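Labels for the chains are A, B, C, D, E and F, by order of writing; each one numbers its residues from 1.
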Amino acid sequence: MKLIIAYVKPERLNMIKQELYKREIFKMSVTNSLGCGQQKGYLEAYRGAMIEVNLLKKVRLAIAVNDDFVEKTVEGIIAGAKTGHIGDGKIFVLPMEECIRIRTGERGPAAIG
Amino acid sequence: MKLIIAYVKPERLNMIKQELYKREIFKMSVTNSLGCGQQKGYLEAYRGAMIEVNLLKKVRLAIAVNDDFVEKTVEGIIAGAKTGHIGDGKIFVLPMEECIRIRTGERGPAAIG
Amino acid sequence: MKLIIAYVKPERLNMIKQELYKREIFKMSVTNSLGCGQQKGYLEAYRGAMIEVNLLKKVRLAIAVNDDFVEKTVEGIIAGAKTGHIGDGKIFVLPMEECIRIRTGERGPAAIG
Amino acid sequence: MKKATAAAIIASSLTSLAAEIPAPVPAESDIAEFMVSNMWVLIGGILVFIMHLGFATVESGLCRAKNCTNILFKNTMTPAIGFLTYAAAGFSLMYPGNSWIADGVFGFNGFGMGIPFTDSVSEAYSYNGKFTYWTDFFFQGMFAATAATIVSGAVAERIKLSAYLIFTVVYVTLVYPVLGSWGWGGGWLSAKMNFHDFAGSTFVHSVGGWAALAGVIMLGPRIGKFVNGKAMAIMGHNIPFAALGVFMLWLGWFGFNAGSALSANPNLISYVCCTTMFGACAGLSGAMLCGMILLRKSDFSMTLNGCLAGLVAITAGADCISPLMAAATGFIGGAAVVPAVLLFDRIKLDDPVGALSVHLVNGIWGTLAVGLFSFNESYTLIGQLTGILSVAAVSFPSALLIFYIIKRTAGLRVSKEEELRGLDIDEHGAEAYHGFQIFTNQ
Amino acid sequence: MKKATAAAIIASSLTSLAAEIPAPVPAESDIAEFMVSNMWVLIGGILVFIMHLGFATVESGLCRAKNCTNILFKNTMTPAIGFLTYAAAGFSLMYPGNSWIADGVFGFNGFGMGIPFTDSVSEAYSYNGKFTYWTDFFFQGMFAATAATIVSGAVAERIKLSAYLIFTVVYVTLVYPVLGSWGWGGGWLSAKMNFHDFAGSTFVHSVGGWAALAGVIMLGPRIGKFVNGKAMAIMGHNIPFAALGVFMLWLGWFGFNAGSALSANPNLISYVCCTTMFGACAGLSGAMLCGMILLRKSDFSMTLNGCLAGLVAITAGADCISPLMAAATGFIGGAAVVPAVLLFDRIKLDDPVGALSVHLVNGIWGTLAVGLFSFNESYTLIGQLTGILSVAAVSFPSALLIFYIIKRTAGLRVSKEEELRGLDIDEHGAEAYHGFQIFTNQ
Amino acid sequence: MKKATAAAIIASSLTSLAAEIPAPVPAESDIAEFMVSNMWVLIGGILVFIMHLGFATVESGLCRAKNCTNILFKNTMTPAIGFLTYAAAGFSLMYPGNSWIADGVFGFNGFGMGIPFTDSVSEAYSYNGKFTYWTDFFFQGMFAATAATIVSGAVAERIKLSAYLIFTVVYVTLVYPVLGSWGWGGGWLSAKMNFHDFAGSTFVHSVGGWAALAGVIMLGPRIGKFVNGKAMAIMGHNIPFAALGVFMLWLGWFGFNAGSALSANPNLISYVCCTTMFGACAGLSGAMLCGMILLRKSDFSMTLNGCLAGLVAITAGADCISPLMAAATGFIGGAAVVPAVLLFDRIKLDDPVGALSVHLVNGIWGTLAVGLFSFNESYTLIGQLTGILSVAAVSFPSALLIFYIIKRTAGLRVSKEEELRGLDIDEHGAEAYHGFQIFTNQ
């Protein structure tokens, strides 16, 4: 089992969800995040003092999947998130040892979906 | 060492904390999250246009524990979070290679508690 | 590749960023978080009813790095975050199996930076 | 007193209009005075109107974000219900003129509005020389809904929208005006007991407060308010909004009190503005100091309550209490809020916004203060007590009864799930702050 | 009507001043009446002023957080532009007195302010015995910007700041006053058609509404509003703020309507306050009930729109419709908002705040209602229809033209990137709620 | 001027009351005029009251969320302190009547309120024929706290609550009224220098501004404001709330300025309303344009400051500057805000809300503008300069002294930890926006 974590542009979230649905990945968790990367920030000017905003608004997806779903998920995220401009984001794949469904107590691959 | 991540219903947080305290797990980090899972969303109607809200409010717990605490922690979370209805949430267990306490620089299992 | 996760005091964020920049670590993701640890909370009193606030405001950093950058990153975080008081925070290092840059589809160590 | 006179004139005026007696032609200078007084009372009504915004913001700010839309919805509909039902029947019940059915206790003047509109100033003058029929109705109609709004805060975060709306319709149409007729409508309390309630510590705030108490009892506390017998803090989500509301109420109170002079008598209206201001300022000070002593903190929401408490307290005697005693009345009222809030928590009455401590406790205190501090010695403690008790004896049981009937029929309280999720989603299908990340564990 | 009279007096007064005819010395009691009326109209102007806060908060609350500063910026500059351009030319265009160029259709009295300031009361009295030149200008100037503000909401979240400012300058300087002169300035609509628009259902709200329609058409919908031909909900970010705004508008409307009596005639102003209140209360009820039926929810933002709809609807006939029919007018107006919003969505016109449903639909409805319900039978349905159509025939095309010219020159709409990121960052370099975590996927 | 006259009449009236000379029975029409004027001044006071809400919201909106409750707390207590201390001593110090101790420089009329309440209109009439003693006190009392409120914003986010409260009590009780007596109380500035400050550019805004400067100097900048010698932006957390506040201040300013006519003289009050509006509108335009040029952005918070700057600037000469020059005065004032804010940042004075640029800079500018633009030529530049400098010479050092004493005794500034965590938690034990996720790294 893997935990796939992706940082993407907020406005692509709907499209990513649709691409994942197409690939039959229905479960995920989403968190607000701020990102600092290759994409440059922008200047805000407040009362004449400039500030560089280099923490840009991103959305963090966390999706737990079984091993055979990893590629599909990565594909889906890319299909939904890619614009070809910097700031499109990153996907990280982490190993996951156990997954438990709280409602039933089920464990392992069966608990993921 | 493991990093235990759980997505649970916000209103169960207090109970989970108490169950964990009982099991002598005192440290954790909590984040706002939105979840998409088996639990269906609901319809919001704003000015006559319907929207399906399928990102439901969840709370994300992250708890780093030593290996012999994993079961206790999972038990505690389940004890606090389980209502038997869909949407109760999931627990993910990830392997963790290192833990460092910033204040002292301590590393490894000793740094967790 | 590793995913380094740190929970630190919000007011140290700027300093941490500078320390990381010095060490040529430019990419990271930041999330709001609440933490419960050794640092005691405080009492809020609202309309005469006391409540113990033991979920304190923290900031969560997630930094994906290649293996040879792990120590530098940990050092940088400590340099920026350490005050010597409880509540300084923790660093967790997780193994990471894959990293994908969405814009280019690059994978592995090359995609991290 | 003043209002009773007005009511009598209304009555005779209605008769005279009916009988088509030619109106006396007033002197030009009388007309000018008529115009001034009429304008003042109208402005008073407009200021009272803005109190509804104050209630809406105080109550929503002191509750949780998940119920915010619901509270605002109630508070927006309340003036509409109040004004419309007052036009339909309330005004006639409150100012029956000579149409008493049970003398001084219950009267009714007929449904709907009484006097047709005429563009002529002299005809309007004949109404009472101070304000027109329409001004009278406008001002009194604005008061009508205020009592209901008080209830809204106390029952917030758990009452069904429909239950609240039904309660408001019934209470404002029937209970509020009949009780008001006892004093302001020329009924037994003013006529026989010389009971004095200048602008409504009793007839508005206590009447609202007793209904709030009934509601709190019938509904029970919010989930999570009392845990293992201890009162938990359920924190308000938008304190700046609540502060805004207190300023709006304070602003409106100048109309509420000084408009109740029912003329632009320069001395009276300016004096009442001053005592009102003293009440509020001293109420703030009282609550701040009492909070510092009892809670060891400068609790802001209680201090805000203290301001309102001072205002409620000075409302009954704003025309007959000296500036110094006005400040004392307000100070005591403000200080009383702090132990009152603690007490209601102790006896497990869950009042999210402090409506009982502000409106009920201080409605009673302010009415008593007239008996204690008034420089008009004809207002006695006995008279004041009679008013307080007789109004309580009717308003509290009837509110209990209305709530009870609703509970047995339409249902009073939302389901546990709805309460946990928040009323905004289920009752209104929309959140108050879409997109804002709000952390909740209640 | 009233205003036309005032305009005529202004005109003759201007002449008399020019000719230095000695002003008659008024009686003291006339002076007192003059003082009262003048004060009332001035207070009316001050109340109309606060409507701009109402517009600012309603519009910003019902849009997304990322465009909030931008909307507030527009709504803050709008009264400034309105008042300054009105001083420069608008007042002269709207009240040309005898300086008609095309009789009853277009007139102009010269640039800038007409009458120098004098401290003497009797000289001021000679203006028209009810209010001074400056009061007149103040009150009318406050109205001037209101029409533009209506546009602001409909074009929100995608129009360039510069485009909006240019449009406002041109529309308020030229179109609004010329159309106003047809009725309030003594022009052909009032003189020949006996067209009645007491306080501006047509001359303010429809004039603004038609421009809003033109803007919505020229701009096109916001990104994400229509997906696969279906209207998506783009939720407002701060409903409490929007509710606050509705209360502020409601408050200001007492000045808007009752100030339009242009004197403190006690009967008229109090009557107008009552009908205005009936319109609002019934509008709320209409929208609430209609929403419950059509949407099966107590939709709050629509109910708020219903309140404004009722107010817009009663504005034309606030002086000549009975209380009951005022309530009916408001109720229908409020109820109409719900299907109107659905309809505009259906025909793919993206109006983020419901400005079309409130101001255009109800501006028309309210003007018609005079023909249907007025107790003054000289106002005919034909006369009212003529007014509605002739105003539409000028305001809509000219607004289209102005927007078109801006589109070809300065540019009308922000770039796609800017729209996605929000106008606050690019146009103003700052967010409205710094630090607040706001989740967006639009 | 006007106020000085009033003060003189107060004095003689007090004497006459004391000597029990029978009051002349005024003519009925005089009574009507008396009623109108009295009502206007009272309404002026009520409008000034609402400015306190404006200050509360502007200041809290432009600071960070973590200090929001604290700022609101200060701004809510400020009017209470102002009004109560003004009743205790301030009114007597400011309007000593004939009780000068050092002629024209310092006088005192005794503690507490002077005239007992009487219900009789003719007796009240004998006060000065324009307003009652209570109206006078109400209006002036509302002004009293305004000066202190100006300080509140400049010292925000780092001053101890207790220190602020102590400063306010002392400054409002002693410094503000004594300086006011020099001009409005009939003292040397008005009597000998013909210094003109119609509604308080100097006596309110500069007096507040100098104290704000003293506070900013004594406290030092907030942590993180200046890093490596460069000014950092510390962004306001709720811009909509700040915008709301500007509208409230703008609204209140009509009472502040036009109420200062101290009668309902139709010409004067309407003229003043117009110049006030011109000042605000032009101030907005000036700041917007200047911001576009200097900052290449439509900076909203500075534009809002510009509105207030225009209002402050026109306050001194609202009765004696032509509409065009009123607009010029406001425009210059608004434009000046932008470089002023940049300058104060440059010289390392940390003023979170721009209070110095608005109230101090424009208080001075507006007072000078009377000397430059007034159509009353008896107001000289020399006279105006004398007023500006003499007021500065007393207010600034005394504010410094008071702050210094507080620093040495009770302590002025919160601890570093408290400042970082936010004053809301430590001083008040509660956050302003419970549950909202707010990201901070400052």
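Keep in mind that, in the parts below, contacts are C-beta pairs under 8 Å (C-beta built on N, C-alpha and C of every residue); 3 or more make two chains touch, one makes a residue touch a chain.
Here the structure is a predicted model, which is why all the values come from computation and not from measurement.
Common neighbours of subunit A and subunit E, listed by label, are B, F. When the partners of subunit C are compared with those of subunit F, the chains appearing in both lists are A, D.
Residues touching across the subunit D-subunit F interface largely differ between the two copies, under half of the numbers being common to both.
Centre-to-centre spacing of subunit B and subunit E amounts to 53 Å, using the average Cα coordinate of each chain. For this pair, subunit A with subunit B, the centres built from the Cα atoms lie 18 Å apart. Separation between the centroids of subunit E and subunit F, computed from CA atoms only, is 33 Å. Contact with two or more other chains is made by residues 27-29, 32-33, 36, 39, 43, 235-236, 238, 244, 295, 297, 299, 301, 429-431, 433, 436-440 of subunit D. Residue positions 31-32, 34, 44-46, 94-95 of subunit C are each in touch with at least two other chains. Viewed as a network of touching protein chains, the structure does not reduce to a path, ring, star or complete graph. This structure has the following touching chain pairs: A-B, A-C, A-E, A-F, B-C, B-D, B-E, C-D, C-F, D-E, D-F, E-F. Looking at the complex, you find that subunit A touches subunit E at residues 10-11, 13-14, 32, 42-46, 57, 59.
Taken together, the subunit D residues at the contact with subunit C in this complex read 231-236, 294-297, 299, 301-302, 338, 341-342, 345, 354, 437, 439. For subunit C in complex with subunit D, the residues that touch the partner chain are 32, 34, 44-51.
Taken in their complex, subunit C has these residues touching subunit B: 2, 5-8, 31-38, 55, 58, 60, 74, 77-78, 81-95. Considering their complex, residues 27-30, 32-33, 36-37, 39-40, 43, 47, 64-65, 235-240, 243-244, 246-248, 250-251, 254, 258, 264-271, 273-274, 277-278, 280-282, 284-285, 288, 295, 297-301, 303-304, 307, 322-324, 327, 375, 436-440 of subunit E touch subunit D.
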